[in-house]
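As written, the chains take the letters A, B, C, D, E and F, and residue 1 is the first residue of each chain.
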Amino acid sequence: MVEKKKIEVVISSFHLDNVLKIFDKHGIDGYTVIKDVLGKGERGLMSADELTDAFKNSYVFTVCDEEVAMKVVTDLKPVLKRYGGICIISDVMWVLR
Amino acid sequence: MAFDLMLQNILNPPILFFIAGMLSVFFRTGLEIPQPLPKLFSLYLLIAIGIHGGYELSKSGITTDVLTVLGLAMLLATLVPIYSFFILRLRLDIYNTVAIAATYGSISAVTFVTAGAFLESLGIKFGGYMVAAMTLMESPAIIIGLIMLNLFANTKNNGSGETDWKEILREAVFNPSVYLLMVSLFIGYITAEKGWKAMEPLFWTLFKGMLAFFLLDMGIIAAKRIGDVKKVGMFLVGFGVFMPVLNALFSIILASMFGLSKGDAFMLAVLAASASYIAVPAAMRLSVPEANPSLYITMALAITFPFNITFGLPLYYSIVNMIWG
Amino acid sequence: MAFDLMLQNILNPPILFFIAGMLSVFFRTGLEIPQPLPKLFSLYLLIAIGIHGGYELSKSGITTDVLTVLGLAMLLATLVPIYSFFILRLRLDIYNTVAIAATYGSISAVTFVTAGAFLESLGIKFGGYMVAAMTLMESPAIIIGLIMLNLFANTKNNGSGETDWKEILREAVFNPSVYLLMVSLFIGYITAEKGWKAMEPLFWTLFKGMLAFFLLDMGIIAAKRIGDVKKVGMFLVGFGVFMPVLNALFSIILASMFGLSKGDAFMLAVLAASASYIAVPAAMRLSVPEANPSLYITMALAITFPFNITFGLPLYYSIVNMIWG
Amino acid sequence: MAFDLMLQNILNPPILFFIAGMLSVFFRTGLEIPQPLPKLFSLYLLIAIGIHGGYELSKSGITTDVLTVLGLAMLLATLVPIYSFFILRLRLDIYNTVAIAATYGSISAVTFVTAGAFLESLGIKFGGYMVAAMTLMESPAIIIGLIMLNLFANTKNNGSGETDWKEILREAVFNPSVYLLMVSLFIGYITAEKGWKAMEPLFWTLFKGMLAFFLLDMGIIAAKRIGDVKKVGMFLVGFGVFMPVLNALFSIILASMFGLSKGDAFMLAVLAASASYIAVPAAMRLSVPEANPSLYITMALAITFPFNITFGLPLYYSIVNMIWG
Amino acid sequence: MVEKKKIEVVISSFHLDNVLKIFDKHGIDGYTVIKDVLGKGERGLMSADELTDAFKNSYVFTVCDEEVAMKVVTDLKPVLKRYGGICIISDVMWVLR
Amino acid sequence: MVEKKKIEVVISSFHLDNVLKIFDKHGIDGYTVIKDVLGKGERGLMSADELTDAFKNSYVFTVCDEEVAMKVVTDLKPVLKRYGGICIISDVMWVLR
C-alpha cells in the first residue's frame, strides 16, 4: 500500500468534461465517475428531474500522487469559479495490485 | 365561444393528465416518473412528429406555399429573440437577458403537438411542412443570443477566451432535439407511404396516449418549479405570460399578410408563442453558465408552457378564427 | 372442472411469463428488468386500468347497484384489516402485526387485472365501477393499521412524538398509486367515448402484452424473495395462503347477500384476497419503520401474489360458480 | 440488381435510423438513449421474436423439414467457432482468439430481425422455426470456445483453479437472451392462436417501429466504438468483414445441399454471418477476463453488424437468389 | 485549501428527508446525494429491485466545519437508531474557489 | 464515535460478487454498493453505454476494523490483479447509533 491523494469533484454534468480534460492534462489516467448525482449548493437545488439535464451533477474521483493533485487543484479553481461545484482532497492508502 | 373552446381544449385526456400531474405535486402524492422514462417519451415524440411531418410533406410536395411558410418561420425565429432581448435588457443583466431571449425565441415541440391535437379535435387541418418550420425555428435563437452576448457584453473575455463560433454553430444546429427531428423528418419524407405503413402503428396510433403520459410528467415537473416562480419576480412572470401572446399576435399578422391557411397560421402562432425548455436550456448551461437556469427554465416550464396549453391555445385560435373566419 | 379452469388460467401468456420469470431466478439466468422499467409498466397499468374503468363507468352511469358495490368494497376494506390484526397479534409483535394486517387489508392492482383477463377468457363481464371499488379499497387498511397501532402500542411515544393524523390521512389517500388510479378513473369518466378513442390504442389494445411483460418482472421479483420465505416462518406462510381464501369467501358471502352479479362478485373476491406490495409497504416503511419489510413484502409478493394468480383465481371462480351457477 | 437490392434494403426506416444514429456521433449531436432504455428495446425484441416464432411453429408443426433446419443450425454453430479459432490463432494470443471465435460462432438477434424485415419487403417467406434455429445457435460457440481454451492454453491454472464445466454449461445455456428467447418461443408455441391474439398488438404490430428506435441506438453505440477500430488492426478488421461472408457462403452451400427453402436458406446464412454482441461478450467477460473486450465487442458491433445490415443482407440475398433462382 | 469535515450518511431512501432537515437546521447549505444505492446492513439486504422502493438506500455527503459536524452527528443519532443507516466522518481539505 | 477503516473498491460489475464474497468471508456484514459507475483505468474507458454491461463498473465501500481491513486487502489483491479495478483505504470516524 502506498500513500496517495484522493481528489473528489462534484460539478454540473454539462461541465464534467472540463474536469476530465484537466485530469488528462496532468497525466491522470484513472478516474471513476458517477453520473446523475443530485445536490444543493450556492447555485441552488440540483434535482436531476428535468428534461434538460440542466439541473444534474456528476461526481468524479481520482486517486493520484500529492504533487499531481496540487497541480490539478490549481487548474480546477477557475473552472469551479465559473461553473460552480466543489472539490475536496483527502489522504488514502492505495492497494497495489 | 372562447369559453367553449377552452372547455373543448381542456377536456382532452392529455391536458387533463397535465393538470393531474400538477395537482399531484400540490397534494404531495410523491408520484414520480423516474428518469430516463421522460427521456423515452420525449425521444418518442420527436421521432413521431418528425416521421409524420415528413410523410405529410412527401404527399404534399415542396411547393412555393411551403417555402413561404418556412421563410416566415425563419423570420420569426430571428426577430422574436432580438426584440425579446431589448425588452429583457431593460431590467436584467446581460447573461440572463441572453438566456431568456433565446428561450423564448426558440420553440417547444410538446406545445406544438398539443396544439395539433387541439386543432384535430376541431376538425381543422394544417400542413405537414409545419414540422419542418418547427425544426427551422429551434436553433436560430441560440445563435442570435450568443451574437448579442458578444456585441453587448462589457468583458468579452469571460474566462474562456475567444468565442468559438464554428463550435457554437455546430452545437446550435446539431443539438439532440433538432437533429432527431431533422432525421425523422427526412426519413419520413424519403420512405413516404411505404415507410409510413411500417412506422404508423408505433409512432402515430399510440401518439395521443404517449402524449398524455408525457404531459403527466410535464405537469409534475412544471409544478415542482412553481416554488421558484416567486424568485422570478413580477417582471419576468409578466414576460412569461404576455410575451407568448405578443409573439402569437405578431405571427398571426405576418401569417395573414402572406396568406397562410387557417391551420398553418394557428400552428405558426403557437410556435412563436412557445418557449424552449429542452434544447435552449442545455445550450445556455454550456455557453452562458453565468445565467441563472432557475430563471429561464422556470419561466418556460412553469409559466409559459402551462399558460400556452390551457389558455393560450383557445386564445390564439379565437384570434385566428376572427381573421380567417 | 377445477383442473380445467386452472389450465385455462395458466395457459395465458401473462401467467406463463410470470412462471418464466420465477424459473429464470431458479436457473440463475441473470435475466433482469432494470429499474425504472418496472415503474414504467406499473404506471402504465394503473393509468390503463383507471381510464378503462372510467370509460365503462361513463357508459353504465352511477346507479344504486354501483353504489352497493362501492359500499361493500368499503366494508371489506375496513373489516379485513381489523380481523387480520387480531389473528396476527396472536403470534407477532404489534409493529409487524400492523404492517401485515394493512398489507392484506389493501389490494393488488396486478392481481385485479390478471383476474380481469381470466374472466374475459371465460367470456364473463364485470362492471367498470369495480375499478372504483378497487381504488376505494387501497387506503383504508393503512389508516386502520395506524389507528390500531395507536390503540394497542404500549409506548405511544416511539421517538417521533405525537401522531400527525392529518398527515397520515393525506399520505394514505394521496399515495402515488391511489392518486394515479383516481385521476385516470376520473379522466376516463369525464372524457368518455371521445377520450377513450384517443387513449384506447395505447392503454387498451396493448394491455395484455404489457401485462405479460410486467408479470415477467413480477415473477423475477417474487422468486428473488422466496429465499426469505424461510425466515417468515410457518405461521405467516400459512397466513399468506389461507387468509386470501378466507377473505375471498367472506367477500363472496357478502356479495351473494347483496345480489352482486357473478363477474362483480368474483372481482370483489379477488380484491379481498389480494395483498398490497406497492402502496402499503411504502406507507409502512415511513410510518412503522419498526416493522420488518422482509416479512410483509415477502408475504405479499412471494406467497400471496403467486398463489392468487395461479391457484386462487380458478378456486375463487369455482366457488362463485357454485353459488351463481 | 445488386444495387437495387441495396437501395431496397437501405430505404427502410430501421436501417435509415441506424445510419442516423451513426451520423449523430460523427456530428457530435450528443443524442443519447440512456440506459436502461436500450435494455427495454432488446427485451422487447427478444420476446417479440420468440412469441412470433413460437406462434408460426404452432401453425406449421414440427416436421422433418424443421428438424433438418435445426440440425443444420447446430452444425453451423459448432463448425464456425472451430474454424474461426484456428484462423484467429495465427495472429492472436489464446484468450482473444477464444473470445473472438465465440463471438463469431454465435448470432445477433437484431441482425436476424433486420433480415426478416428485408425479406418481408421482398415478399419472401421463411419458417417460424428459424427462431428456434437462432436460439439453438446462440450458446454452442461459448462452450466450444472454453473447451478450446482448456485444450490449448499453456497454463491451465490461470488463478481460479479447476474449470467448473457444469457452471459454464449452465451459464452458456441459461444466459438472459437465450433464456428469454426460449421461453417466449415456448409460450408462443403453446398458447398458439389464442395467445397470439392477445400478444400481437404489442409484440408484432409495433415491431418495426421498435426496431427503428432500437437501431437508432445501435447506430450510436456502433459509431462510438469506431474510434477503437484503429486499435483493432487490419487483420481483425478484415476478419470482421470477410468472415461473415465466408460463414454465409458456407451456410448457403449446406442449405442448398439439404434442400432448404429460399427464405430459410437466406435467414440461416444471415445467422451464420452475424456475430454476438450481447450474450457472448457477457460470457467472455466472466470466463475469459484476460481477453480484451475492446477487440471482440468493437468487431461485432462496429464492423460486422453495420456491414451485415447494410451490405451483407443484399449480398447474401443475391447469392441465394442465384442458386434458388 | 481549508480543513473541513466530510459527513457521509447512508440511509433508507424513505428517510433521506430526515437527514436533509437536520443539515438544514444546522445551516448546512451544500450537500450531494446519490439515489438508488444498494447495500447490506443490520436490516438485511437492500437490493433496490422492488416495485416499492422499500429496499432502496440513498447516500448523501456534505462538507462542513468541525463544530457543525458535531452538532449534526448528535441530531443524527436518534434518526439512525430508529430508521437504520450509517454515518461516518472524515478529514478533507476543501479547495476554495 | 470510534475509529474505523473505510475500504473502497471499484471493479467491473461482472466481478463485484468476488469482492462481496471476500467481505463475507471476513465477517463484514455491512457495505454499500453503487451500480452503474463509469471510469477509466488501465483497462480503458468504461462507458457503461453498451448493451452488454461489459463496460460497466460498480463501486462498493465498507466500514470496518483495521485488522479486518488488512485481511480483506490481502484477499482482494489477486482479484484486482486478474479482473482489474482499484482499492483504497482511509481513516474514518464511525458514528455509533
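Please note the rule applied: a residue touches a chain if its C-beta (ideal position, glycine included) is under 8 Å from a C-beta of that chain, and two chains touch if they have at least 3 such contacts.
Since the structure is predicted, the reported quantities are computational estimates derived from the model, not experimental observations.
Enquirer: Moving only from a chain to one it touches, give the least number of moves from chain C to chain D.
Expert: So the least number of steps between the two chains is 1.
Enquirer: Starting from the defined contact criterion, work out which chains touch chain D and chain E both, please.
Expert: C, F
Enquirer: If every chain is reduced to the average of its C-alpha atoms, which one ends up farthest from chain B?
Expert: F
Enquirer: Using only Cα atoms, superpose chain E on chain F and state the rotation angle in degrees, rounded to the nearest 5.
Expert: The two chains, chain E and chain F, differ by a rotation of 120 degrees.
Enquirer: Which chain has its C-alpha centroid at the greatest distance from the C-alpha centroid of chain C?
Expert: The most distant chain relative to chain C turns out to be A.
Enquirer: Just the number, please: Cα centre separation of chain C and chain F in whole Å.
Expert: 40
Enquirer: Determine the centre-to-centre distance between chain A and chain E, using the mean Cα coordinates as centres, and give it in whole Å.
Expert: Inter-chain centre distance comes to 20 Å.
Enquirer: Taking the mean of the C-alpha atoms as each chain's centre, how many Å separate chain D from chain F?
Expert: Roughly 34 Å, centre to centre.
Enquirer: Which chain E residues touch at least two other chains?
Expert: If we look for residues of chain E contacting two or more partner chains, we find 34, 36, 81, 90-91.
Enquirer: Counting only residues that touch at least two other chains, what does the list for chain D look like?
Expert: Answer for chain D, listing residues that touch two or more other chains: 32, 35-36, 39-40, 206.
Enquirer: With touch defined as at the top, which chains are paired up in contact here?
Expert: Pairs satisfying the touch definition: A-B, A-E, A-F, B-C, B-D, C-D, C-E, D-F, E-F.
Enquirer: What residues on chain C touch chain E, complex-wise?
Expert: Within the complex, chain C touches chain E at residues 32, 35, 38-39, 42, 158-160, 221, 224, 277-278, 281-282, 285-286, 289, 293-294, 297, 301.
Enquirer: With touch defined as at the start, can you tell me which chain A residues reach chain F in the complex?
Expert: 1, 4, 6, 29-35, 63, 90-97
Enquirer: In the complex formed with chain F, which residues of chain E make contact?
Expert: Spelled out, the residues of chain E in touch with chain F are 8, 10, 34, 36-42, 57, 59, 73, 76-77, 80-81, 85-91.
Enquirer: Please name which positions on chain B make contact with chain C in the complex.
Expert: 11-13, 16-17, 20, 23-24, 27-37, 40, 117, 205-206, 208-210, 212-213, 216
Enquirer: Spell out the part of chain B that touches chain D in their complex, as residue ranges.
Expert: So the residues of chain B in touch with chain D come to 35-36, 39-40, 43-44, 47, 51, 170, 174-176, 179-180, 183, 187, 190-191, 194-195, 198-199, 201-203, 206.
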